[in-house]
Structure formats: structure tokens, C-alpha cells
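Okay, so chain A shows up in both of these, paired with chain B first and chain C after.
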Partner chain A sequence: MNIFGRGKTSGNTSRENRRPEKDGLMTDPRTHTRPSEGSAQMHPLATELTHALGSRKVLVSAGERRMYSYDAIQMGVVPVCVALPESTADVVLAVKAARAAGIPIVGRGAASGLSGGAAPTQPSLVLSFTRMTELSIDPVRREAHVQAGVITLAISEAARPHGLVYPPDPASFRTSTIGGNLAENAGGPMCFKYGVTGDYVKALEFVDADGEVHRLTRDAYDLAGLLIGSEGTLGLITEATLRLSTPAKFTRTLMSSFPTVGQAAEAVSSAIAAGAVPAKLEFMDQACVNAIEDYLHVGLPRDAGAMLLVDTDGDDLETVEEELALVEAACQSSGGTVRRAATDTEAASLWQARRSVSPALGRIRPQRMNEDIVVPRSVLSEVVREVEALGVASGLKLVQFGHIGDGNLHPNILFDPRTESEEAVHALAQQIASVAIRHGGVLSGEHGIGSMKLEFMAEAVDPVTLACLWDVKRALDPQERLNPGKVLPRPGEARHD
Partner chain B sequence: MKNEIALHHPDAQGLLMAHAVDACVHCGFCLPACPTYQVLGDEMDSPRGRIILMKEVLEGGLPLFEATPHLDRCLGCVGCVTACPSGVPYGELITSFRGWSEPQRSRPVIQRLTRAAVLTMLPRPALFRVGANVGRFAKPLAPLLPQALRAPLDLLPNTVQPAQPLPEFTPAQGVRRGRVSFLSGCAQQVLTPNFNAATVRVLSRNGVEVLIPPAQGCCGAAAMHTGARPLALEQAWRNLNAFAPDEVDAIVSNAAGCGAGLKEYPMLLAGEGAANEVRAETLAAKVRDISVYLAELSADGGLEPFMPTSRPIKVAYHDACHLAHAQGVKAEPRALIRSIPGVTLAEVRQGDLCCGSAGTYNIEQPDLANQLGDLKAKNVIATGADYVVSGNVGCHTQLQSHLARLGSPIKVLHTIELLDLAYRGEL
Partner chain C sequence: MIEVSASDQYMTLSADTPLLEVYAALPAGLYPPFPPIELPGGVGGVISRGGFAQTFFFGAEVLGLSFIAPSGRRIVAGGRTVKNVQGYDLTRPFVGSFGSLGQAETVTLRMRPGLAAAHHYRSGTLEEVQDSRARFLWQDGETLHAFHFGHVRDVEAVIKVFGGEPITGALDYRPWFPGGMGTGDGGPLRDRRFGWADGGYVPEPTALFSRVMDGL
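And then the complex of A and B:
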């Protein structure tokens, strides 16, 4: 299955000219603001939970509830109440209470997601996992045992003294929780060579829609695999056992700048064709470079049309250097200027720059629509050129960056809703999606579907597969109480303009 | 973030707040940089949460009282500004918001009295000295007093050091290389008089004339950050009239909070008339932290050589928030410390995190201030350093008090005191 996995480019429908629904895609829709706020009366579920869990673990005031209505892209519906469980037992209590009250449940980590996954689409109970932060390392078995609220980076920090590392590295890893990473099957630059979050899961514990606790491993039916990337729509992941690996002994970093985005993409295709398997291979265009440079002042090439940032790594220095030389040669033959990072500090600052791209775009325009397309590497240069040309033709500010090594690109349309037409933004987004599909790509690489990509999902999945996904959903959550309005469009919900 | 703040508040301060909220893309990169989010772990006690709370209140969607408990917990350390890729001027937002909201709030009597007492005494060294002397004798009674009165007593020194009055003019030694005006601060004249004396000695030794305009007063940062905008404006006027930025190379401050306060005058005076806005800009542009001024001097012909230390010494540098985050000054003090022969520099773990002092925070949020102070002291102790130095009187007092509580022998100094001791061969 896993039609939306990173790097997968399986077939898609090619129906054209469909316009995504506004509210599902835009940041800050004003349609859902302030329902039920200001009312002094506590929701019966809030009363019930305060009694069951104690007031310390339940938020009921209007201001506090509002704080749990959004993620890093979408403003959602204010929850009827928020529970802050400290154990799986607390989660069970909360789920059973919500079930009895007939209130939907939305799981939430640090709300750094980019698809609206943690933003409720209707009045709900939000379960915030930020207090479930137990973490232990088993160095002999090379495992980390984590509760859902553990900060992603904390896993590697705890593993490092044992000579171990947890490779998945989403840009928000200082903020994001492992529960959210599991729910979205998060990726990051390291995932090109080392795999995404789901590839590190040995076992999961989750609470189902009835409040029953399940412990899953990867054998027999891979039910853990089903929960990974399910965005809280099949169950609430409470704990996980993660595989740790040993960090590479040597890492080398280079930065290459190119006159045009197309040349940068060509260099990627030819480096990989030549046999290089970089640990990380990232791309950003001129507007991205300048937005980051305004923030960090690390000396990135402001005049370049595009740049690549590359790590090669391994335990054999000679091989690492050889791979870097392959990448370097590919960059130069595509017209790139190459600079190697001289020190670890310089490399670290370049990677901090890369992690800052997405939020730094806020410096250009206050709002954006982000895309998360994955296309075959053989067509990368055509795709980035076509996307760039669409941006120019539209008159809107369009930027591109992404994990280009595995064909995962994030075209972002940046706009100011006070002065620019949201219709035009939607039209451009749709054109970009069509480019990806026409070249055999898919529409979501790593951010998840959430509510933002729901319409894209409707286009990308054939009706038979969608019906099968709904069967799975109904088997585990027949009442549709878990994160409703996410991941799965209703059959026939796709718009046919 | 889309907002309608400007519609509800079309004045200069309202536009300032609207622009700050505009810039926020609610990505959450600020969360790990926020001391209160680190301690409490709840969204409403994070910068992102607070920005949205302020937006909601300003738009009329949320009553002020729903937001104030969480806004009051903000230290104003602006660690989030350093962490913010999209460039949200959070410091301007919270300061302007506090100035706007304070007049609408009704605080308990004891809180109002403490606030008034602090804002009256801090800026007046003579009065503060009397207060500190009286408070010293009240210290043994502290356990009997309510928390609101215990916290300010905690901050007072056990012994009040004699005043060290400084001349209005100190000539340069040797060839004259520069001429600066010095902001002598207020509370630190009583709490740590050696900071200023050491500053003048080091500047003069390096060929810099030091003017201390007698008409100057408190920079107004404490008033500004607690929402007492009229008082802050009054204090700013006094300094705008006392300092003549065109006649000196720099206006030097040795207190991170005060230097940052002077640099905030353009924000404070926004909407007070175009000519005044220009005056504020001109003054702010001349403000340098002592470490930055010395680093510039060092780059432009070097500093007088330091005496080597008598034995190898390890110095931990503590980043004051109002230097590292508010003014972006991190490299200069480190370079100065490293330049003393025999000194090695140690970094403090979680160095970006506030020590919990933050102006009047110790008094108004003693529990959080204590938790953060304890965390900071433990991280400092873990460096195994002989000295910990910082560039701010508030951090200095907080470090002293929490290191002492943990029984640590680590000595606390201002960066300039360390340099001064090195010149005197006393390290």
C-alpha cells in the first residue's frame, strides 16, 4: 500500500482542472474561529475529565483551549476541552470519557506539523501528549523506549553517550514529538539514505477508539505499520520501541551554487546516476537562500539561482571522500560552483540554515500554501523548470526547496491575502500538482495529508483503493471519532469542475 | 499570521503589534527556546501561544484576564527572537502589549504596592541604598512575611557595599583613542558598585575618555517591560536630554538590560512625533555594550596587554538574555575573555536559556524564577569553572544567590571585572 511514501511514484489518476476546496488548503481560514468561546459554562466532558484526571491535567478556559486549536500551518476549531495525559492509563480514561460523551478526539504533539493534522475540524477533545516524556535507552539491544511526548532530538541526545543515534531528522526536530513523527511518518534530510520514521519502529503501543490498549510488533500482519502515518485517525500512539543505529564515523559537507534551478536539479540526477548515495541532498532556490540569509547571516550565495547542500558519510573516510568527489564533479559539470565546509561548525551552521527554510519564508509574505510533491529523479530538472515557469507566469511569489535527493520538493506559494487573490493561489497550486502527476509523481511526500492535502488525496487515489482505506478506517474507528476530517476524503468528495 | 489588530488599534503602538503578529507563521520553532515552555510544557506558556493570546485579546475575541496569567509568566528574555526564522519582533510585541494592557488591569493591593515600590526605588540609587540598608535588617523576618514581600527581600545583598562615586569626566591614559558617554545605571550603583569603577578604569587604560553626564537617569527598561509606559517615557526623555550622541564615539553601557533598554527607545517613542522618533533612533544607534566597544577597539589597533594569570583559570561565560538575544552580542565577550593569557573559556549547557532573573520577574514570579535559577546554577557548576562571568547585574545577583544555595565556591564576576582584575594582575 503506502501510496504516499517518500520516493514512491506509483500511478495516479490524471483528471484535470480540479480546484481544491479553499478551507481545506489555506492557512488561517476564518471560517472556524471562535465557536463556543466566551461561554462561561463548562462542557460536560470537561467536567467529567476534570473529575477523572484531576484539574491539573485538564484545560477548560477559553484562552487555554484556543491554544490547542492550531498546528504550524492551519488554524482549526477550538476544542471543547484539552487533556494533558501523563500515562497510557490517563489516555484510556480520556478516550473512554470522550466516547461516552460522543465527542471526537484529536491527538496532538508539539503542533509543528504542516498539513493541519493536529488542528481539529470540529469541536473535539484534544489530547496533548507533551507530558508523556519518559525515555530510556537499551544500549545492548540498541533500542529506545519512548512515550509519545518525547522531543525527537532528545532521543539522539540520550543515545549519543552510548555511541548510538536516532537518524530521522525532520526540520522541526528540536520542537516536534516522536508521537507526531510517528503519526505523520515524518522524514528529513537524513531519510534519503537512512529511511523515514516508520523504518525505525520495532514496536508500538496504541489506544484504540474504544479505549483498549494494544501492543504491536512488526510480525504477522504489520499492524504497527498501519498505525504509522495514520495521523491519529486509527488510534492514539502512546509508546514506541525504536531502533537505534551507530552514527557514521566520517561526514563531509559541500555546498554548490548554480545559475538556475534546472542546473541544480540536473546535478542531482547525474550525481545519483554516477553512483553517489549522499546521506543528505537538499535543494533551495534563490528566494529561500535570501530569506535564510536575512535570518542567520551565514554567508550563503545570495546571487545564485539555486543551491544544493550535500552530506556524504560512512565509516571509511576514503569512500566518503570519493562519494563527495562524485557529487562535486556532477555539480561542476552542470555549471555549479562548489564549496566544501572546512569545519564541523561550518557544516552545522549550513544545516541549521536548511532547517530554517520553511519558517523563514514568513519574511517574504505573511501566508503561504505549501506543497509536498514527489517526482521521479529522472525528471527533476523538467519539473523544477516547469514549476518555476508557472510561478513567473502567475505573477505570484513562488519558491522551491526540498529533499531533492529522493525527488521530494516543496514548492511554496507565498502571498499576502490583503493584496493578492486567493483564487489565483489555488489555481497555481493546482497547476503545480498537475505537473507532478503528469510526470508520474505523487502529491504528499512527508508532511502527511491532514486536512490541507485532503483534496489532493481525492485526486491521487483510485476509487477502489480509497474504498479499501475506508474499510480499514471503519474497522478500527466505526464511529469516526478519531481525528475526523483528516487523511481520507469521502468517496465522490473530489470536485469535478 | 492574518490578524485584524490594526483595525482595532490604528495608532502607532497598535501597528507595531500588528506587524509583529503578521510576521508569525506559527511554526513552533520558538517553543524549545522558551524557558517557561521548558519548565511548564504547555502551549499557552510558549511564545507562539502568547502571540496568539495577545492577538485574540487585541482583536476583542478573548477577555484580557484569560491571557494575563500566561503573559505575566513571560520573562521577556526574547530567547524566542533568536530562535525565530521568520523574524517576529516578539520583544516589541510583548512590551507594547504590556504598555497597552496595564492601565486596564486591577491588581491586588500588595502587588500594586510592591510594583510601585520597586519602580520608585530602583531608579534612585540614594533611595535604593536606604531601602537596601533597611531591608537588610528585615531579612531575618523573611520567613514570617507573605511571599510577595519575601521575594524582594531575597534579592537584597547581605551587606551593602560603600558607594564608589565616579567623576563626570575621566581622562584617557596615554594616547587618546576614543571618547564615550557612560550610562551608569541605577540599582547596580548600589548592588555592585565595582562594575562601573572597573569599566571606567579599563576604558581609561585603553585610551578612552569617559563622560558620565550627571543629568542621566534610569534607562526605563524596568518600567517599559512592566507596562508602566508613562514612567518609561519620562525616563527616556530625561536620557534623551542628558546624552549628546553626536559628541561621542559611543554611549557605553555595562548592563545588558539597560543597553537593550536604550536601544528600545525608537519603539517606546513610536507615535511621539517624527522629530522625537529621529532623536530616539540617533541615540539608539550610538549605544554599545562595553564588550562590543572594547572588541571594536581591539579590532582597531588592539587593547593594552593583560597580565597573565598566576595559574590556569577556567571561566564560564553566562549569556545574559539582553546581550545574547536582545542585542545579538555573543562573540565579543567570549573573545575578550579568551584573550587573557592563562584563561580557558567554558560554555554553559543550555546557555541560551534565561537564568530566571529578568528585571522584576524574581519578585513577581518567584517560583519559576527559582526553578530557572536552580537549573542555571547546576549547569554552571557542571562546567567545573573557577569563575562565571556575565554582562548583567540581574544575572549576577541571580547566579550568586543560586550558586550559594547549592554551596558552590564558583565566583561570580562581571566580564569587565575579570578584565580589570587581569590588568591588575590579580587573577
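And then the complex of A and C:
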């Protein structure tokens, strides 16, 4: 279910079209006045914004504010107030007011992120972009013009009648907003062949720390490329022009199971070396396959050590079939058992299984630490084995899956904070990050550093480069008011929980 | 220096490596993000100018680089993997910054697979080939060029639509730019982004970009 509704295809976001769940959060005094949360106790910034923007665009009660203190994985600090801007002008007003009040600003979309990026680390103004949902398609220029709060999937839905599509497909694309995708430079299964979110940006509008509006293009001096993936710490992206492409006419799907993860990784390398460029190339280890099977009962091979799920696509059916044959041959020569999806329905069922990883894992333990490492493909089998061994040694429940074509793995540590040590979870997470760095990889491929991987940055980035990144931050946000406590660690900074 | 990883489909090289030397060092079936021609400044020059003739997003093909910033500090940006959101991405603003963020030392480029490749030319202008799927399109004088790689039938289809004749032998455009390769109308080359003219003129950075530049 798309709990956030869909972006409109044109026109302004009117009160009639406001999203239902936000109506439930309205600060309408007729429905939301509680003695303990009266205006007398409001933060001065909340009072000012309520006056300037109107009460329907500002959330002030404790219960409402608390709902904006966390993302999909991390609890944060309850904001002093929440603004729900409907235009760039509203964002400018809110940023200037927060700046004058000396209050940090945290941008937020659907908060489906998995690194703590949208969870405030200090009492802040949260700017929730979910009402900025204007969306229009220019079929001639093959562009989508979007405000930050447009749901990712809505872009392709609006583009499809024009024979166009927006390829980036993060797992949360039914709920995530494009603003959040841009802030984290989100990826997804399609990104191996088609590229990540930032690759589709032709132009950006953003509001800087002073409340000034900037419009950026990318032919030279690509500042947009710096803003993308900066997690709202350098500016607040309000609008974007996105490149659209034509969808492939044909898609073919196969699943291959392997006795060991090493064999699956070897098959991936062989297939790619043979010239295959699959549209999707996903990996799941045995623990992950079993978690899904327990959840969905779709007939996945429980005994397999690892499983690959592969799509090839294109406009020439023979080429698509040939590419699938290359992958099939690589899987078989690496000891894999291949099953081609005979029908679109069967293919959809397999991909539904892959998309169900998160809810399937949620049934095993109430919390998880989600890693997002990326390593060169040539070391994948070693990395997967090392991570697996670390999990076994820790005694914690660990599963691995990911976009293996990109070398992007998501080792997930599943735990129950009531019975398992969070320190042990953190220690295992750090060991996994070290494995990636030691093998020439990086901490994050698509989720961002946020607050959860902050501590690992000192190991991943050399001190001179880190100092330069801080200088970039200070150049664009001298007072460090934009999403403080994210992306860049301070020397000796304590972990934020 | 050219280090090639065929299995991981990237190459790391000195920024001053000529483009045709890169082509000479390529593993079979893999291609860099520029056509098989020579341009001033080698790979570093192309990176500094934001690519040449590409019809795709060039920045994504530069996986990482090390460069000496205006302050003299040596910065390591990006890495060897395609996906990377580990801190701010300084490769993107460096690519196409015309030297304002410093000088590249080493560059790591993504190589993409192609089972076939073709370079054709014919008379014409870029405006005639807006819908072409060729990965590289450029115009020298009144001659139009297309270079494409990929699956065999895909290359055949793209080149068939483009028409023209196959190029034999390497093109070296360096003698056309004795004063350096800058932007401007009336020069000998054009691609979808800029006209390329002899001399050092480059676009002005925005004030905001200059703030970042000054910080480095």
C-alpha cells in the first residue's frame, strides 16, 4: 500500500489533495488541542512558523513531533517543531526563521532511509517535504520535473503513458520520496545496468543554509553532483529535472541456486566478463532465502548456500535471450542449478520474493543493523565468506543479500535489544565495515553514512581528504545548521544512539 | 601508468595518459568513456573539461581520482566501485571544473563491455542526430562522427541509422588546439554540450561553486 499517496501530475497541491495521513497530523486547534501541549509551551520557532506559514503547515504537539524523530532504522531526537512546506517559498521562509533562531534544520521525505539520515541528532526544525508533490512530464524532452516530495514510483507511473520510464528503483520506491533518493543518491536492483539516482539528474533547485534559492545545471561545474548524496547537510533539494528513458521491450528472468556463496560470486564475475550486462543481478545467502521462504512459501531452494536472481532486458529479443544464455552458462559452469522463469507471473513472483527481504527479516528479530558495503566484484566471494565467518563467531544472527552486480552487499545483523548486546552488534558492524575497506571497497553504496556509519568513516577516508570534506561543509554551511551529526565524523566523536 | 582490472571493469591511470594509449591498453571487449581519438591533455584534460562527445552522463564513468587542490592538499575522491556514497562526492564537481578544483594525478575510469564497436562519419550536423542512440556523437567542421559499442546487433542498428562510412586510422585533434582546448563558438569541434575552440576560454563558475573552490 502506498501510504503516502501519489504525486499529482500538474498544478498546485491543494488542501483537497493533501495526503490523508497528514490530515491526521494537522495542528487544527479544533481537533488537536491538549492542555499539556498548548501554545504557551511551544518553542519560539514553532510560534513564529505557525504565524508565518499558518497552523496547517506546522506541527507543534509532542505526539506529532515525536513521529518525525526517527527514520526506518534509527531513533533520533524529537524536533522542536515540524514544518510541512508546500512550495520552495515555504522552505525559504522556514530556513530563514530557523537560521535566525539558531536552530538546526533536518530535511525529511518518507523517512524510509536505513542510515539514520533523517533522524535528528539535536533539537531541530524538521522540514518534511511530503506535501511538495508537483510532478510533470515533458515527453518531447524526455524529462520529469519533480518537487522533492514526489513518491519515486509516481515518476514512472506518470511517465509510462508517454512511453517513458524512470529507472532507479530503491527497494522502498513505493513509499520513498525523490528528495530522499537524491539526498542519499539511492540505488536499487536496476542500477547495475541503468545507473543510480544522481545519474538521472539534469538540473536541481535547492535552498542553501542562508535560505537562498539556487538552480543548478550539470554541463560544467557540477555542484548538483556534490549536493546529491550529501544527506541534506549542504543544502535542501526542493526540485529536480530528471532524465527519463524508454523501457526495455523484452525482459527475461532466471534464478540460480549454488552450493556455496563463493560459487555464486564466481558465476557473477564470469557472466559479466563474458559481456553480459544484466538489468538486475541480485544475491541472497541461505539465511536470507530461508527467511523469505518462511515468510512467503514460494518454493525457494532452502538447501542452497546462495541464490542469484537475474533479469536481462533490451529491445532486441534475440540479444536479451543471448545475454540470459551467457548468464545461464556462467551459473552452470560455476556449479549452479538454473531455473528460467517460464512466464511473466513466475518472474514477478521471484522478484516479489526479493522485495520481501525486509519484512521477512523483521519477523526474525525486532531490530537490525543494515550494512551497505560495496567491494570490487573480484573479491566478492572472499568478502562474503569473511562476513559470514564474522557473523558465526559473533553468535549474532547475520544474513547477507544485495546487488551483487555492483558489488553492493547488505549484511544485516538481526538482534533483539532486550536479550542481545547492542555493543556486540556495533562491534560486528565495524568488523564488517573493515572487511569492505580492507578489500578496496566503501562503507556505503546507496544508503548513505547518516549517523549509523559515522564512526566508521575515520577508517575509510584519509585525514587530509576528511579535512577537505569538512571545508566543503563549512563553505556551504558555515554554522553547521544543516542536518548536523551526519556524514562527517569529528575526531573522537562519540557514537550517537 | 595504466592499471587495468578486467574482472572489475575499471582502469586506474595517470592523468596525463593520452587517450589512444588507453585504447591500446584495453582488454578485449571493454571500452572507456571517450571515443578512440586524441585530444589535448590526455585523460586528465578530458576529465577537466567534463568529457567529450558523450551522449550519456559522463560523471558516472569517473569512479575516483586523486588530485592536488588549490591549497596544495592531495585529495582522494571516490574509489574503484560504481556505487559509492561514502562522504561527499568530490569526483562529480571535479569533472568539468576546468582545473578550478586542482590538477588530477590519477583517475579511475569505469570500462563498459561491448562485443562490437564501430566508428562512422558522414557530412552533417549534430542537430540532425538528436535521436541517435550512439554513445558518442561529435562534429568536426561539417563532418559528423558516431562511435558506438555494445551488443553486435545493437551496434549494427545504431550505425545503420547513422549511415556514413567507417573511419580507419586514429584521429588526432591536438594540432587544432595549439593554445589549449577551451569552449566557444566557431572552433573546429562541437559536441552536445559545447563548441570547442582553440585557446584557454572556459565557462565562468557560479559564485556558489567558487565558494567550494576557495574552501579546497
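Keep this in mind: the second predicted complex is superposed on the first by the 449 of 497 C-alpha atoms of A that agree within 3 Å, B and C clash if a C-alpha of one lies under 4 Å from a C-alpha of the other, contacts with A are read in each partner's own complex, and residues count from 1 in each chain.
Simple rule for what comes next: contacts are C-beta pairs under 8 Å (C-beta built on N, C-alpha and C of every residue); 3 or more make two chains touch, one makes a residue touch a chain.
Predicted model only: the values in this text are computed from it and were never measured.
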Clash or fit, chain B versus chain C on superposed chain A: fit
Partner chain(s) touched by A:A110 [first = chain B, second = chain C, both, neither]: first
Partner chain in contact with A:T130 - chain B first, chain C second, else both or neither: first
Contacts of A:A62 with chain B and chain C, given as first, second, both or neither: first
Touching partner for A:I292 - first (chain B), second (chain C), both, neither: first
Partner chain(s) touched by A:P161 [first = chain B, second = chain C, both, neither]: neither
Which of chain B and chain C A:D316 touches, first, second, both or neither: second
Touching partner for A:A72 - first (chain B), second (chain C), both, neither: first
Which of chain B and chain C A:G102 touches, first, second, both or neither: neither
First, second, both or neither for A:Q367, with chain B first and chain C second: first
Comparison of chain B and chain C by chain A residues contacted: C
Smallest distance from any CA atom of chain C to any CA atom of chain B, in Å, after fitting: 21
Chain A to chain B touching residues, read off their complex: 27-28, 30, 33-34, 37-38, 59, 61-64, 66-68, 70-73, 84, 110-112, 128, 130-131, 133, 151, 172, 174-175, 292, 294-295, 356-363, 366-368, 417
Chain A residues touching chain C - in the complex, by the definition given at the top: 184-185, 187, 191-192, 195-196, 198-200, 208, 214, 216, 218-226, 228-230, 234, 243, 269, 272-273, 275-277, 314, 316, 318-319, 322-323, 374-378, 403, 406-408, 440-449, 457, 460-462, 464-469, 471-476, 487-488
Of chain C, residues touching chain A in the complex: 5-10, 29, 50, 57, 59-60, 69, 73-77, 79-93, 95-98, 100, 112-115, 151, 153-154, 157, 193-194, 202-203, 205-206, 208-209, 211-212, 214-216
Footprint of chain A on chain B - complex, ascending: 1-2, 22-29, 31-32, 41-44, 49, 52-53, 56, 61-63, 66-67, 70, 84-87
